[in-house]
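Following this message is one structure expressed as structure tokens.
The chains carry the letters A, B, C and D, assigned in the order they are written, with residues numbered from 1 in each.
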């Protein structure tokens, strides 16, 4: 089972996947592609991953959430080009009550951003491109016109 | 515009309604009908409302959320009989980042439960019925066989 | 004497067997007076002494004085969501 | 001398112009030695001195000693979600 997909992600399908008659609260998070980043207009972006490790780390995160809270969780992350406004990542967490559903949903999205080996290359309105790096000053590593990277 | 509906609620439609190119984080909560309550097996339930006031209070809650956080929020609550497992209430909140999306989503569902005049009558596996009352000891007011209420 | 409509919902409607009663609006009549009247009706004794009351869809205190043309509503504890 | 595959991703792959290199696995070779080797290749100098390194998909320290048959990967800072 992979969390990775090159197709559009349907949040309703993930919500349905974790729903069950004994689970009254379902929290869902959708991370969508924004049209701006660090003050620059974004016209497109592309995600890539270390696929096998991304699946292994994601499976560990989901198991952690399901052991910390009485919930069922589901996760999907998109790879390849993703149009502005479409979902890049979706998390759904269902529990008996909303406290655990919200807590588990938040935990999963934070850990995914921190630990799952997925990368994002953005293309801007001025034609330039950059690799997103949350740890770098400015958050970006520009890609030069000749395709090389600084 | 009413938040009330007698039809099934599609969480994906609410997520789509609040999505926009500048909003990268969408939090959604689905409150679904559970098959148990206070240790009793629930086989069905029915919601009713003071419709006009429910809409007025809900509009106030959504306006509060949108003034407290830079978000767009949407809310739908179902009335009438709702089958086990189906959504009774759905909230979606979209913002530039996930912090405000989660905060606004949580705020709306808490305030809806506290302030919107909607009531729930449950039917149990043993054939008995009760009005749900979160302020009552045991959380329920049983309905007698002759239809009268204690 | 003018009368005033009082809407009843959910369990309160079941208790009184109706979702709407017209009560007389005496001079200086307060919400507390209307509630007292309702509690004196058959089945009404199970209504709490200080229920949640809305006038024109806004919560009011027991000392509030409804006016002719107002819509009064007795609301059991909310159970939505 | 045995060699070991090192996978490169995202910006690191762009820097070295490839997503996979085979490096010699000298006796007692550590992750730090492999990174040093990579940084000496054309374009490799922009790789940080202590990047995130996974061996067989598990994060390891710079002092870790990969074994023949292991899969080493250099991971730029995660940017998923």
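Methods note: a contact is a pair of C-beta atoms (placed from the backbone, for glycine too) under 8 Å apart; a residue touches a chain by one contact, two chains touch by 3 or more.
Values in this document were obtained by computation on a predicted structure and should not be read as measured data.
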Reference chain A; chain at largest CA-centroid distance: C
Interchain centroid distance [CA atoms averaged], chain A/chain D, Å: 25
Mean-CA-position distance for chain D and chain B (Å): 51
For chain B, residues contacting two or more additional chains: 31, 109
Contacts with 2+ other chains: residues of chain C: none
Touch relationships between chains, expressed as pairs: A-B, A-D, B-C
Complex contacts: residues of chain C adjacent to chain B: 7, 9-11, 14-15, 43, 46, 54, 57, 73, 75-81
Residue ranges of chain B touching chain A (in the complex, touch as defined): 10-12, 15, 19-36, 84-85, 94, 96, 98, 101-102, 105-106, 109
Contact set on chain A toward chain D in their complex: 31, 47-50, 52-54, 56-57, 77, 88-89, 109, 112-121, 131-136, 141, 143, 147-150
